[in-house]
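Paired with chain B in one complex and with chain C in the other, chain A is shared by the two complexes that follow.
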Partner chain A sequence: MHTLRVYRRCLGAHLRATLEYQADFWILVVAAVLTQGAGLLLIATIFARVPRIHGWGVWEVVLIFGMMVLAQGASELLAEGTWGLAGLINRGELDRMLLRPYPCLLQVCSSRVGMNAFGNLTVGGGLLGTALAHLDVAWTPGRVALAAVLLPSALLIKVSLTVVANSTSFWLRGAINTFAAGLDQLGELTKYPLSIYSVGLQAVLATALPFAFIGFFPVSAFLDHGRLAWVGLLTPLVAAWCVLLAVAVFRRGLRRYDSAGN
Partner chain B sequence: MRPYRAMARIAWRNALAYRVPFLMSLSMLVFNLVAMFALWQALLGDGNSLAGFTWPQMKAYLLVSFFTNCLVSTFTDFAMASRIRSGAVAVDLVKPVDYQKGRFAEALGFALLETAAAATVCAVVLVAFGGVPLPPPGRLALFVASLAAVVPLKFLIVYMCGLICFWTQNYLGISLARVAVSGILSGATVPLAFFPAWLRHVAEALPFQAVTNTPAMLFLGRSPGLPGALAVAVQLLWVVALWWLARRLWHVAVRRLTVHGG
Partner chain C sequence: MAPTAALVEASGLVKEFRRPRKAPGLAGALRHLVTRRFDVHRAVDGIDLRVDEGESVAYVGPNGAGKSTTVKLLTGILVPTAGEVRVAGVVPHRDRVANARNVGVVFGQRTQLWWDLPVQDTFELLRDMYRIPAADYRRSMDRLCEVLEIGSLLPVLARKLSLGQRMRADLAAALLHEPRIVYLDEPTIGLDVSVKDRVRAFLRQLVADGTTVLLTTHDVGDIEEVCRRIVVVDEGRIRHDGPVDVLRDTLAGHSTVRFQLAAPAPLELIRQHLPDAEVSAGAGERDLVVRFDRTLRPAGAVAAAVMGLVEVRDLRIDDEGVADLIRRLHDRDSPAALTGAG
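After this line comes the complex of A and B, so read on.
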């Protein structure tokens, strides 16, 4: 409990610091809205001309897209600091964090707040709400419970995968981890129905790099859509696996860390 | 000329020395290409056509759009932004070279490598997927000319966005917003032919469309109303106009610079 409280206060402190630069805050919010707007424009243009892609209608795709945006916002809010991990290692600044009586991973995560988080959380939440309103979902207690399990699990997967991707900095040792940015971009592929990709790519996105469990599979399970809908029920398990993986990879990396020498 | 040649050479060597970040930022564009290929193949693969695009034509469009996305990507502006923010730009001001021409020379150095890398990817995709209709030699020459005009054009857009750093602290938001806006208005996100008429007219009146739409339409031989040579002339006109505008902006911006100590 205490651990969580410190984590929240750390984030809060960074939040206040960043909010001091109001113009930058608004620029980043607008940038997030524009970026997601471009993605939505693509979806809107396509569905203006065809009713379905591989059996997926417009609001179903928007629901997947909304989940991806929301998850991105969550990872920018909770684990943005990991994007600075490469720099912390490169300059040997992790020393300072290792001396404090608090989990190093959480310190790294809360060492920054991504300002586009607010844009992305708002846009993602809005898309989720709009899509659900159009989809005519029967909100039985079972459905509500399912959503209550799937949503946090999906967000947790994204946050954990961000940590895993950035933990590779311990091995790569550059000042900026472009590898993580590449992986992140690979995850963007799952914004669209998975079946459009070749089988090999689908397998990678579902197992080795389970980005498909952030949007596609949970939405399939929730809407009971398609042959693979049952796979989405594994989302909480995948989330647990991803969290364990993130912690394990970070620990392994930390053991390799040998400061900067001065 | 000599100092600029040297600057271009150094930029080229820099990109070669930091190969990993370069290749990773390229891989991000490649992943996007993969997603777009899969998405449009799902829509057009079985012989359909949308807004006058068949699958072979769309393949060509996506490749041209990928190519123009690769040219003058993020190196110029992020380097500029960090020098403006840290005050290191003061050193650039002291040098007896023109700031704008200097940055352009660097962008050219990078563009050489970007062209080589993008051409390699395009060649691989062509071999793997095949079936892209090649234009006749006359139009091919015009297409190459218009690709060449994209370099200064895109540089000027990127450069002017970089100058905004004289007013703001944070560059990430500006860069994300630029990528989103120019992605939409250039036709890189969705071909302009898919837009509703009013948005297409807006896009056609702006310089962004000359970045992706013009070369792609030349390649496909679909420049409605405008003969090919005229389309290239419009691109060049934008280059001249934006070059002048960027100079004005620089003169206003540089007056805001305050560098503390040294």
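After this line comes the complex of A and C, so read on.
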């Protein structure tokens, strides 16, 4: 509990500092809206020509898309600092974090707040709400409970995968981690129904790099949609696995940390 | 003398770094991808060090001697390749959280403040991380604000501080949780004279109050004004360990006379007449430097002997201090680097 409270305070302090630059804030909110708008435009264009893709209707795809945007926002809010990990390692700045009585990983995560977070959380939340309003979901208590488990699990997967991707900086030793950025781009593929991709790519996105568990599978389970809907019920397990993986990879990497000379 | 407890105990401490051996250029980088070869560099090579509660130790040596690496090993930032460390009974790299509560660290070259946050926020986050009770925190803050005069810096963003302000804020950040031992890695580097004086006065007070201090420095002022014990390290090994005042006395036994001659110095001839002195050429070919033990012969006798052999235009007599030791240490080519230290 103490750990979480300190984490929240670190984020809070950075949030306050970030919000002092109002122009930056609004520019980045607009940027998030425009970026995600482009993706939505693509969806709208496709669905203007075909009514369904592999059995997925427009609002179902928007629901997946919204989950992905929301998860991106969550990762920018909770783990943006990991994008600076390569720089921290290169400049030997993990030193100071190792000297404090607080988990190093959480210090790295909370060392920044991504300003796109607000844009993406707003856009993602909006898309989720709109899609659900159009989808005529029967909100039985079971379904509410399912959503309450799936949503945080999915967000946790995204955050964990961001940590894993950036923890490779301990091995790569570049000043910026282009590998992590590449992985993140790969994850973008799962903004659309997984079945449109080749079997091999589907397998990768479902297992080795389980980005499909952020949007596609949990949405499948929630809507009980398609043959693979049951797979989405594994989302909490995948989340637990991803968190453990993130912690393990980061710890392993930290052992390689050699500081930097003066 | 009251029995004292060892606060820092290091034995046989070794740290090796692996450096990739790459041929220059892109071709070399590509070849490295296939055949990975590494050079092993031993930054710390078997160091035994014991620091007792309440001691103030200067840890000095030339650049690359292994000073910072030792500090990083003692603080648990680095994991030793071999050997053992214990600080207040804790193995620092194995139990970082317990160790963190016992130690405070200041790096002169790098800040520990949250760069993007106001100084006040750093202090409050540290309070939360260290779980400092509210009353203790207020007491600590009041004291630190008063002696380091950082009250006016609290609302300022860390990255907007001047170097001197940053150093004071960093000192406060390292001491907020009232650690038993404070490591300072070049705490006065780059500071102007008046700020240096304030930092040293503060460190002196810290030592007087019973905090154990270990500092690395290139600055003789830091050593003489703050520390009672000096440990000299070079090439990863301890070369000298003893009280600062004893070292000063030993060195005070030596003097150096610098001559300016009318003609190029006949070094061999002078060496024959002054067999127990160190005779060397100075910067120019007409310069001559004679270093000798003052207990064996007075400076006047040396000067007279030289003047009897060659025509002297000018001369200057220097007594040696800790500064000379450091200077000679830093000049690694000098074989006599440590003769003065005994």
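Basically, the second predicted complex is superposed on the first by the 262 of 262 C-alpha atoms of A that agree within 3 Å, B and C clash if a C-alpha of one lies under 4 Å from a C-alpha of the other, contacts with A are read in each partner's own complex, and residues count from 1 in each chain.
Basically, contacts are C-beta pairs under 8 Å (C-beta built on N, C-alpha and C of every residue); 3 or more make two chains touch, one makes a residue touch a chain.
Quick caveat: nothing in here was measured; it's all calculated off a predicted structure.
Asks: Identify which of chain B and chain C touches the larger number of residues of chain A.
Replies: Looking at chain B versus chain C, the one contacting more residues of chain A is B.
Asks: Contacts for A:6 in the overlay, against chain B (first) and chain C (second): which applies, first, second, both or neither?
Replies: The answer is second: A:6 touches chain C but not chain B.
Asks: Which of the two partners, first being chain B and second being chain C, lies in contact with A:90: first, second, both, or neither?
Replies: Neither chain B nor chain C is touched by A:90.
Asks: Looking at A:14, would you say it contacts chain B, chain C, both, or neither? Reply first, second, both or neither.
Replies: The answer is second: A:14 touches chain C but not chain B.
Asks: Which partner does A:130 contact after superposing on A: first (chain B), second (chain C), both, neither?
Replies: Touch status of A:130: no partner.
Asks: For A:116, decide between first (touching chain B), second (touching chain C), both and neither.
Replies: first
Asks: Have a look at where A:102 lands relative to chain B and chain C in the superposition and call it first, second, both or neither.
Replies: Only chain C; A:102 stays clear of chain B.
Asks: Per the definitions at the top, what is the overlap between the chain A residues touching chain B and those touching chain C?
Replies: none
Asks: For a test of understanding, state which residues of chain B touch chain A in their complex under the given definition.
Replies: 20-21, 24-25, 27-28, 31-32, 34-35, 38-39, 41-43, 50-51, 167-170, 172-174, 176-177, 179-181, 183-184, 189-190, 194-195
Asks: Over in the complex, which chain A residues touch chain C? Could you list them?
Replies: That would be residues 2, 5-6, 9-10, 13-14, 16-18, 92-93, 95-96, 98-102, 111-112, 255, 258-259, 261-262 of chain A.
Asks: Which residues of chain C touch chain A once you look at their complex with the stated criterion?
Replies: Counting only chain C, the residues touching chain A are 17, 68, 72, 75-79, 96-98, 100-101, 103, 105, 107, 109-110, 112, 114, 116-118, 121, 124-126, 128-131, 157, 185-186.
Asks: Contact residues on chain A for chain B in the complex?
Replies: So the residues of chain A touching chain B come out as 21, 23-24, 27-28, 30-32, 34-35, 37-38, 41-42, 45-46, 48-50, 53-54, 115-116, 172, 174, 176, 178-179, 181-182, 185-186, 188-189, 191-192, 195-198, 201.
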